[in-house]
Amino acid sequence: MTTVKADRAHLNSRGAQNESSTMTSEVKISVDHLTKQFDSKGKTFTALDDINITIDKGQFFVIVGPSGCGKTTLLRILAGLEKPTSGSFSIKEAASNRPENSMVFQGDSIFPWMTVWENAAYGLNMRNVPKSEIKDTVGHYLSKTGLTAFADAYPHQLSGGMRQRVSIARAFSNDPDILLMDEPFSALDEQNKTLLHEELLRIWDETRKTVLFITHSVDEAVTLGDRIMIMTSQPGRVKAFVDVPFERPRDVLELRHRPEYGEVVYDIWQQLKQEVNDSAEKAKERAVSKAARSH
Amino acid sequence: MTQTSAPLAAQVVNPARRSPKKNKFGVSDRVLAIGTPVVLLLIWEAFVHLGAIDARFFPAPSSIFMRMGELIASGELWMHMWASIQRLFYGFWLGLVPAIVLGVLMGLSRPIRSALSPLVSGTYPIPKSALLPLILLIFGLGEMSKVVMVAIGVFYPVVMNTMSGVVQVAPIYYDVSKNYGASKWKVFKTVAIPGAMPSIMTGIELGAGLGLILIAIAEMMGAQEGLGFMIWNAWQLFSVETMYVGIFVIAVMGYIIALFLAEVAKWVMPWKR
Amino acid sequence: GSGGGDSAGASAEGTCEGTSVNVGVVTSASDAPMFIADSKGYFKEEGLEVNFQSFDSAAKMIAPLGSGDLDVGGGAPSAGFYNAVARDVSLKIVADKGTMNEEHTYMPMMVRTDLVEDGKVSSLEDLKGLAIAEPAQATATASSLSSMLESAGLGYDDVEHSYLGFGEHLAAFANGGIDASLTTEPNATLMEEEGVAVRFASPSESYGSQQLAVILYSAAFAENTEVGNCFMKGYLKGVRDYVGAFEDGRLDSGKADAVVDIVTEATGIKPDLYRQIVPNYIDPDGKLDQASLQKDYDFFIGQGVIEGEPIELSSIIDTSFAETAAAELGEFAG
Amino acid sequence: MTQTSAPLAAQVVNPARRSPKKNKFGVSDRVLAIGTPVVLLLIWEAFVHLGAIDARFFPAPSSIFMRMGELIASGELWMHMWASIQRLFYGFWLGLVPAIVLGVLMGLSRPIRSALSPLVSGTYPIPKSALLPLILLIFGLGEMSKVVMVAIGVFYPVVMNTMSGVVQVAPIYYDVSKNYGASKWKVFKTVAIPGAMPSIMTGIELGAGLGLILIAIAEMMGAQEGLGFMIWNAWQLFSVETMYVGIFVIAVMGYIIALFLAEVAKWVMPWKR
Amino acid sequence: MTTVKADRAHLNSRGAQNESSTMTSEVKISVDHLTKQFDSKGKTFTALDDINITIDKGQFFVIVGPSGCGKTTLLRILAGLEKPTSGSFSIKEAASNRPENSMVFQGDSIFPWMTVWENAAYGLNMRNVPKSEIKDTVGHYLSKTGLTAFADAYPHQLSGGMRQRVSIARAFSNDPDILLMDEPFSALDEQNKTLLHEELLRIWDETRKTVLFITHSVDEAVTLGDRIMIMTSQPGRVKAFVDVPFERPRDVLELRHRPEYGEVVYDIWQQLKQEVNDSAEKAKERAVSKAARSH
């Protein structure tokens, strides 16, 4: 394992429930001075700037940050879909024969040429899992996502939210070591969202997966996460880590009435607000300087 | 107030959505498909009778159909057709399979694409008429040389359209397959081929047509039967009607192949309504 | 190619039984003796099994003859043919396949009807500057044309040459693309029928008798004397039936019924048309007009299309097959 | 533990994303593109010298290049090339423009597609060798018949690929253009054409190649210059090296056209990285 | 104008602010016994069943309902992109020369082959609006959506949220008579969302547009809307109309502390929850009957 240089002292203290396990927890993912730049028309755009993170095994890690700050890019790099421009990251191999990671992609990512069932079974089929096992697993998650009746439908026959649920069922079915979820519930109604929150927490609890979860909903972040990373906007940097101090299992409704809950949410909200204002400023500056140049 | 209980004109700008079998003029697609060629043939017939067209070289369709009747009755037409169809069949597969494999590989892998593009782009435009004598030398005068000629015709459009189709597949799908640990073969099977299928089918239609074009050239040499031979020989003998019968039969075959491929497309792409 | 190898054992016993021979034809009237010999079983009598392979021009037969895919071919001796020989595609000219002379002008000079009717072209001199069609550069036809032009005091380059297959001449006349042509039968007759061109002159008037088409043996086939003789015998029998059916140089008499049936059946030419045309003459003994061959060869050299060193024609002519076969068949009765 | 500071193999399954000019073996694309044909020519040369190939019909590349030098020196090659290039140029545009217009119309409108499909699918496979005499009749022996032949070659692949490209454009984009009140012409210009552009470009490459193939056939008749004439005449004269020079030049032209079209594609599709 | 058969008596009473204007308000959109069915593999699927709605001119009309209940389908029908299977709808023509309606589509709908600027200017270009006017309008909305610096970027260079903002800028720029918005803010962070809420309300207020707005966020619905339609799940029917009784302009933070706000939200939430539970039941039943059939 490579030495992780991220400044641990700088981090908030860990939550109550995790405190006891601090000594036994092992690092699952460590990201080290990671930077990602995109070139376009000769100009270089920095999407991620010097990111350092350590994520423990079994941690529910949430990323929040303004739109366009590089959340998706970070997840894609960790999934091996994009190369970092500099810096490095390392992921501890799974002990079991589980796949390393599965991603719920932002936006449409289910195959238009496969039925709902085939899409949900994709990962398992790639790993040549026995047919009967696939049937059980996929059947379970299609039922959980309310898609059983649509198993034979093709994506173009589904609504936006239904397509997103297929993508979730696909990732859950694959039973990976690390779940990478990029705004997985954004197109779902509150009720479906709640059902899937429960299912996600059940899976996480039972299989001790490491989860990386991107969301724009601070409520969702605080309700689900162990630890929340707040990112700055363009270029995306780590603004702060917030440890969520609530024990598990959490009673969502009860939680929301606690004053600490309001405090955590308010804290994150404030930091984000500041970020967005900053980025609006920056955007304006850039626009002005651009206008100035075009004169 | 706009009363829009049945919005019109949607099908004009909305090609991919299922639209009714009848269009706004109440004319069904099938009627149009059969009607257009029939109308053209009738105009041709009329022009011949009016003397507006040189009937020595463009004989009236009626006389062509009469000749066709004779050739069918004598079994000659069928003999030529059968010879060509067989060559077409074997040549089709011989060209198709390597074209799809190579097309997908070139689409998926940049080094393979770089290495093979010059060969494909360079050999494609070589006049097949010039190649024929060399093919005869290599494959002999028998069936094989004709089959190879068809295969060459099928190969190029399929390989190019497959490659371009594979490159056009939205990158997110390759990301998904990679993320879900698909082996190269599975990427091939579950992403590249189905994603490129519409392009591949167009390539196959173009390829089958080029195969037909080339078989006619191939049958001008070392053949005693086949539609190409029939057309060429008829022209040598200035048996104009017979030549048109041959051309007409090839045209009909081309259209039947297109219809058949459209059915195959529906079958291999069930996700396209 | 099976001619050489297959027959090795057979010829040792002095028979060609069971040997198969691949013969290239252009499926036109000039292949008449082949079809007659085949239909009447003359090749079978010799124990040969003959497979015809059709080609759109004699030039295309050269490569298969060289590679051994064909044993026998036929066509006009062209510059390409001699060039092929020069680069080791060894072939032998073995017999006559078409001779044009005064009585058998089967490749007449045709001139577009309107030019003749308007009086624009009334003699060969009038061809100056006009577009004349011939099948390709440096063929026997080019040599014929050259001698015709010469007789009118014109050089070969005083006219425009349009290289068009004989089959295309009719269409080219019809749309005015060419003014004159040297066209073989039956296309010449067809042009007259369609009224696009008229017979204007005969090349024989200036050239004399010309060797327009010859029988070719591939080198391997020619080495096997026995089978070569067998084939030649069958062929000459066909030739004799063919020229025997002539009446005043035509095939329009009752005598020709059998020949007409066979040839029209094999080529698809309409019987009425075939009876009307001027058929090509073939020497009953397959004798070659070597002087004519030499004259054409010299013409090709003059055109600058012969590659490499000029060859001795006699080195590629082998008249022994025709002589042997003719001797065995005896004098042609007519 | 997997150290993944630079994940490999991404470019193999990820064709559409920008990937480095050098692949994992450190060989640049350009080297591969030039290397493959050169290696093949060297193998050919070696085989000829080893006597493994019949040099009478497949002469050594070195002797072909020598002949090429002679033909360049005499200006003959250039004359033939120039004649063909001109015909190709005019024929290209003559085929391209109607093909794109018709292809988009057929892609957008179902009735037009129904009415014209049989004509397109039926006339495409008609052997162009058989059509040539008729084209000579209509367009004469001059330049026009050759230009028309090229246009025919360009037309079919472009019309079919355009149509299929237009049909493949995701329906949502037609919905957007409709919702934003785009006129038919604007749908044409802002959705159908750019959306189908990758397919159209492949069609153009196929079409240009078929144009080259057909020009060679056209120049076999009634022409005095042009690469097709050169090849055909060389074969008539059994001037084998000259024939190969012609074939080689056409191959190079085909490859240059492909390279050129790839540049054009970058230019007309700036949104593709 | 056609007679609208929808049962007005059945509707809830109108909100305080609108009450006064009831007599003067005119009907902008009326939907009459509208049903939409999709055929697939011979089976008929009913997406919308007997929908009756009346929407007044200038109303901010919000549609909520479980995922897959037919919200998008309804909007597409009103936009003329889909034909109803039976029933009808009518839209009163705009008095001005504004375009009738512009839609913010759910999911990716911006043209990949156009830059951000070209995408945002699309509607105006289609209407041949003068270049200078386009420049002002599009410039304004790109700045509002924080995309000025990305005006020349192509969609594949944007993040998911940025693409959604382009789609919003395109619709706003087009200045239509009716704004059809299908979950327009789902992929945005809270802060960007708040900024765009404000902008949307400003536009609505200034130009008196009719707005049809689909959302999964009950908070968003109550904060923005005049009237909320709750839909039942498969087949989509009108479950209830809720009039939002808050005066305008609304102070969002203040609003959320009022007890009435909590009541309205709770009411909608309960109705939706019941709907989702029902639909889960139904899905299970269907799945069971399907399994039974396949035996």
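Note that the chains take the letters A, B, C, D and E in the order they are written out, and that residue 1 is the start of every chain.
In the analysis below, a residue touches a chain if its C-beta (ideal position, glycine included) is under 8 Å from a C-beta of that chain, and two chains touch if they have at least 3 such contacts.
What you see is a predicted model, and the numbers here were worked out from it, not measured in a lab.
Undergrad: Hop across touching chains from subunit C and tell me the fewest hops that reach subunit D.
TA: Tracing touching chains, the least step count from subunit C to subunit D comes to 1.
Undergrad: Which pairing of chains accounts for the highest number of C-beta contacts?
TA: B-D
Undergrad: Mind checking the centre-to-centre distance between subunit C and subunit E? Centres are C-alpha means, answer in whole Å.
TA: That pair's centroid distance is 85 Å.
Undergrad: Let me have the rounded angstrom distance from the C-alpha centre of subunit A over to the C-alpha centre of subunit E, please.
TA: Taking the mean C-alpha position of each chain, the two centres sit 28 Å apart.
Undergrad: Suppose each chain is reduced to the average of its Cα coordinates; what separation in Å results between subunit A and subunit B?
TA: Distance between chain centres, rounded to whole Å: 48 Å.
Undergrad: Where in subunit D do residues touch at least two different other chains?
TA: Only 10, 14, 54, 57, 133-134, 137, 175, 177-178, 182, 235, 273 qualify.
Undergrad: For subunit A, what residues touch not just one other chain but two or more?
TA: Only 40, 80-81, 107-108 qualify.
Undergrad: Identify all positions of subunit C at which a residue touches two or more other chains, and write them in rising order.
TA: Residues 60, 63, 67, 167, 171, 174 of subunit C touch two or more partner chains.
Undergrad: In the complex formed with subunit E, which residues of subunit D make contact?
TA: Per the stated touch rule, the residues are 172-173, 175-183, 186, 190-191, 194-195, 197, 269-271, 273.
Undergrad: Which part of subunit A faces subunit E closely enough to touch in the complex?
TA: Subunit A residues touching subunit E: 38, 40-41, 45, 64-68, 71-72, 106-108, 143, 146, 148-149, 152-153, 157-162, 165, 183, 186-193, 195, 216-218, 269, 272-273, 275-277, 279-280, 283-284, 286-287, 290.
Undergrad: Please name which positions on subunit A make contact with subunit B in the complex.
TA: Touching subunit B from subunit A are residues 76, 79-81, 99, 101-103, 105, 107-109, 111-115, 122-123, 125-127, 154-156, 170, 174.
Undergrad: Within their complex, state which residues of subunit D touch subunit B.
TA: Going by the criterion above, the answer is residues 10-17, 19, 23, 25, 27, 29-30, 32-37, 40, 54, 57-58, 107-111, 114-119, 121-131, 133-134, 137, 156-157, 160-161, 164, 166-171, 174-175, 177-178, 182, 184, 187, 198-199, 201-202, 205-206, 208-213, 216-217, 220, 228, 231-232, 235, 243, 246-247, 250-255, 257-259.
Undergrad: Going by the contact rule set out above, which residues of subunit D touch subunit C in the complex?
TA: Interface residues on subunit D, with respect to subunit C: 54, 56-57, 133-134, 136-138, 140-142, 221-224, 229, 233, 235-240.
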